[in-house]
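I'd like to ask you about the structure that follows.
Read from first to last, the chains carry the letters A, B and C; within each, the first residue is number 1.
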Amino acid sequence: MSYSIAEIAQTLSIAYEGDGDLRITSVAEPADAAADQLAIAMKPEFAKGLAQGSARAAMMWQGADWQGFGLKAVLLAPRPRYAMSGLSAMLDPGPEYPTGIHPSAVISPEATLGENVSVGAFAVIEAGAEIGDNSLIGPQCYIGTQARIGQGALLHAGVRVCHRVTIGDRLIAHGGACIGADGFSFVTPEPSGVEKARASLGEEGTDSAQSWARIHSLGGVSIGDDLEIGANSCIDRGTVRDTRIGNGCKLDNLVQVGHNVVIGNDCLLCSQVGVAGSSVIGNNVVLGGQSGVSDNISIGDRAILGGASVVLSNVPAGRVMLGYPAVKMDTHVESYKGLRRLPRLFRDVAELKKAVSKLTGTH
Amino acid sequence: MSYSIAEIAQTLSIAYEGDGDLRITSVAEPADAAADQLAIAMKPEFAKGLAQGSARAAMMWQGADWQGFGLKAVLLAPRPRYAMSGLSAMLDPGPEYPTGIHPSAVISPEATLGENVSVGAFAVIEAGAEIGDNSLIGPQCYIGTQARIGQGALLHAGVRVCHRVTIGDRLIAHGGACIGADGFSFVTPEPSGVEKARASLGEEGTDSAQSWARIHSLGGVSIGDDLEIGANSCIDRGTVRDTRIGNGCKLDNLVQVGHNVVIGNDCLLCSQVGVAGSSVIGNNVVLGGQSGVSDNISIGDRAILGGASVVLSNVPAGRVMLGYPAVKMDTHVESYKGLRRLPRLFRDVAELKKAVSKLTGTH
Amino acid sequence: MSYSIAEIAQTLSIAYEGDGDLRITSVAEPADAAADQLAIAMKPEFAKGLAQGSARAAMMWQGADWQGFGLKAVLLAPRPRYAMSGLSAMLDPGPEYPTGIHPSAVISPEATLGENVSVGAFAVIEAGAEIGDNSLIGPQCYIGTQARIGQGALLHAGVRVCHRVTIGDRLIAHGGACIGADGFSFVTPEPSGVEKARASLGEEGTDSAQSWARIHSLGGVSIGDDLEIGANSCIDRGTVRDTRIGNGCKLDNLVQVGHNVVIGNDCLLCSQVGVAGSSVIGNNVVLGGQSGVSDNISIGDRAILGGASVVLSNVPAGRVMLGYPAVKMDTHVESYKGLRRLPRLFRDVAELKKAVSKLTGTH
């Protein structure tokens, strides 16, 4: 697989300069690039490496002095990261799973596979499951009874889609992702310590020892189109209705989405995010790595949580939040500046007390 | 599968009113409910949806004006969430794994399976393993050498129970759960930076570069009856003795229980909780989502950690904790109120300094 | 398997006293030890249990009065935890996976296996993969196309090594670990709310709804020698070059290492740690449980992050950090002491204001 600089520029709808016929086979960082590789030098500090490598072509920022770096050709992207999306899609050879139905796969005769579906070794597809056209179910995947997966899915090795889960088109899911395990919902015969602590804001805990009764998850999981779900991430099924995620959402690795949660379209959930049961998240929301959303919370459209923020109450649309508990980012920054200056404040107040007590003649 | 309202009321030991012969097949939210579904309308705000749906029967709070909502029958639960437990158990069709021993399963001739055990496709059961009566080992599960699993277990697809792990009756485990991986225990030939930093409370770090020697986990994991373990959760084996979890504990997804940890009975560990090595947790403890327990800590019975709290020192019985580091919930709330009001405090002190310096004539 | 006390002392290069011919078969805690077990009693508080157990030999601290505890022999370690490393390696029977190539394994004829390689049931090894001598690929493992694994690897059941991942010698990886899933890298056509919020420190969020374009991960993962990777941990592949981890690093369970991250040698990443994309971590760094490192951060050699710390800016070499956001540990301790004393400070300032306003005659 190789592409000319002119072909790439055309596919990405960006400009190039120099020798459009120069062909590249893959990408590399500037210092590592061989003669047939395209150096990725999006910023001046990355371009320094070009001298150590052997690249003859690079993708650079607009206005870059590419000839001064000894290159023969350059791709010039007005928004380099966005151009990188198209370029990387062109050049990705992918995992190269074998295609076709592997003879070891256990596929129920009551499952329905579309046109051009591949199923890897040791995959299991249960009765009533439906797989859309052009989907690839990787080795060792599990698709439960009556699960429905749309067209063009790519399930990497070891993905689990549980019974009665519904998934739209073009899902990408990574190894160990578990879509549709039971929700975590338990109840004690009498009010538990957690219920009392919440009602009393922590003044009262529990005084009795009770065992937990299980609330079964009668709902499933419904997921829209163009989802990506990271390795070992978990999306739990709902109690009465489905847990729901809209179109275009991207979940990183080790993310937890609890039962009954509703997530809109085009949200990003970075690694290790946790969204507790029954919370509702709007569209275009970004949850930074390790951030958490408490249960029964509402997060408005376009809200952004900084990394490791923990939201304990509703967040309005468009709000940028940080901290634990999360507050508006600028409020958080001001509070923490104050926290760092606290020791000095204590000293100031101690001195003031002395001065005032002298003035008042007390003490 | 369908049930009459009277049957449900009898099974759950709750009251009903109206037409006890009305039959329902499943549950739904009020607005989505079809005529043969039971609407779940536990609170007045949920009951509003009844007008949009077609439910003829609902589960409601005591005293609800069910006839005013046009219903033919109602189940009245004194504690609706608890009634939901029994109701959901009645109506859950479950994952419907095929029963029997799948011909592809690799079961050691030296393993012992009880009566009525099912084993799914591509499951592996090693030598010396014992599986109790009426257990279902799902597809792609792994049961290591000499592992013992009690009666009535339900292991969903892809659960891993490692060698010499001991599990009581009625375990439910979800995909990707890993019970009995090695503990994370390493030591340097000379005292490491971590040891020095702990001893000196952070004043002294490490100055030398050493490699880590592995401490093998010679213990296993011992788990009681009625455990539930969520998807992709991990319970590590102990160093000298077993890591231990009592009866009735429920672990959500992506939970980590470190080596040598001891957990009592009837604890809840919500999603993404981490309990570090050798900590001891009592009975009926609730650890909120993303909360953490440092190593070698003791947590008393009935303690509750709010979401994302991090416990760095022992917690007495019954205490409700919040924050990082976690403190009593009301202390935490007061501190954080103060933090938010800090900027004003700095301004007040600055003004006081001015006023006092005027009074004293200094500066 | 049994060892004499003298053999153990010689292997661990430590001293023993008493009957060197006494043989032990395994270890136990003092109170649980049978006559053929070595009691592990590293500290005086653990030695008390010897009276309840039946141990005739123990590993103890130097200077311990072992005869006073009724023992026949003792191993005396100058650094007991380090001696435990060697002792536990001697006594660990391990998981006892069957050796040889299981007939059910699907191994591409284009894969290359070294001498004495074992492959478990339902493992998949794709075309172009290379496995070094004396490695054990456990049951249900997946090794992608062109992945290379060095000598002496131990991959427990259910490990996934994705395509074009390169791993050194003596890897130990636990169930569900996923090495080489795609990085989490998405971009919007126009600057997104996250980009704006970062540029403006949170004053400006996003105002437009855009969908996310995927940046494919063209790089892989390169890992050195002597790595250990915990259960369900994830290491993502790089965008242009490989994500890299040096020699001797140990990763606990549920750890996330993002795309393009570079980690040096001999680092410890405790459970549930997250390292976001493109961050660079030096040698001998210790990241405590649940700690997080923001993207594009640099962490110097020998730095230590306390449990649950979150690093939002660069950390110099040797620094011990704590908190969220993480600061020097002693600064953090001082700040938090201040936070706890804040309510009293507010009262002091209120009183001062009263006193000063009396003095100045205002109000």
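Just so it is clear, contacts are C-beta pairs under 8 Å (C-beta built on N, C-alpha and C of every residue); 3 or more make two chains touch, one makes a residue touch a chain.
Values in this document were obtained by computation on a predicted structure and should not be read as measured data.
Engineer: What graph shape do the protein chains here make by touch: line, ring, star, complete or other?
Structural biologist: Its topology is that of a complete graph.
Engineer: Are the interface residues of chain A and chain C largely the same numbers on each copy, more than half shared, or largely different?
Structural biologist: different
Engineer: Between chain A and chain C, what is the gap in Å from one C-alpha centre to the other?
Structural biologist: 23
Engineer: Listing for chain C: what residues touch at least two other chains?
Structural biologist: 104, 122, 140, 158, 176, 232, 254, 272, 290, 324, 339, 342, 345, 349, 352, 356, 359
Engineer: For the complex, which residues does chain A have touching chain C?
Structural biologist: Spelled out, the residues of chain A in touch with chain C are 26-29, 32, 40, 79, 81-82, 84-86, 88-89, 91-92, 94-98, 102, 104, 120-122, 139-140, 156-158, 172, 174-176, 226, 228, 230-232, 248, 250, 252-254, 265-266, 268, 270-272, 283-284, 286, 289-290, 301-304, 306-308, 318-320, 322-324, 328-330, 333, 336, 339-340, 342-343, 345-346, 349, 352-353, 356, 359-360.
Engineer: Touching chain A in the complex: which residues of chain C?
Structural biologist: For this pair, the touching residues of chain C are 104, 106, 122, 124, 126-127, 140, 142, 144-145, 158, 160, 162-163, 176, 178, 181-182, 184, 186-190, 192-194, 197, 201-207, 209-218, 232, 234, 236, 239-241, 254, 256, 258, 272, 274, 276, 290, 292, 294-295, 310, 312, 324-325, 327, 331, 334-335, 338-339, 341-342, 345, 348-349, 352, 355-356, 358-359.
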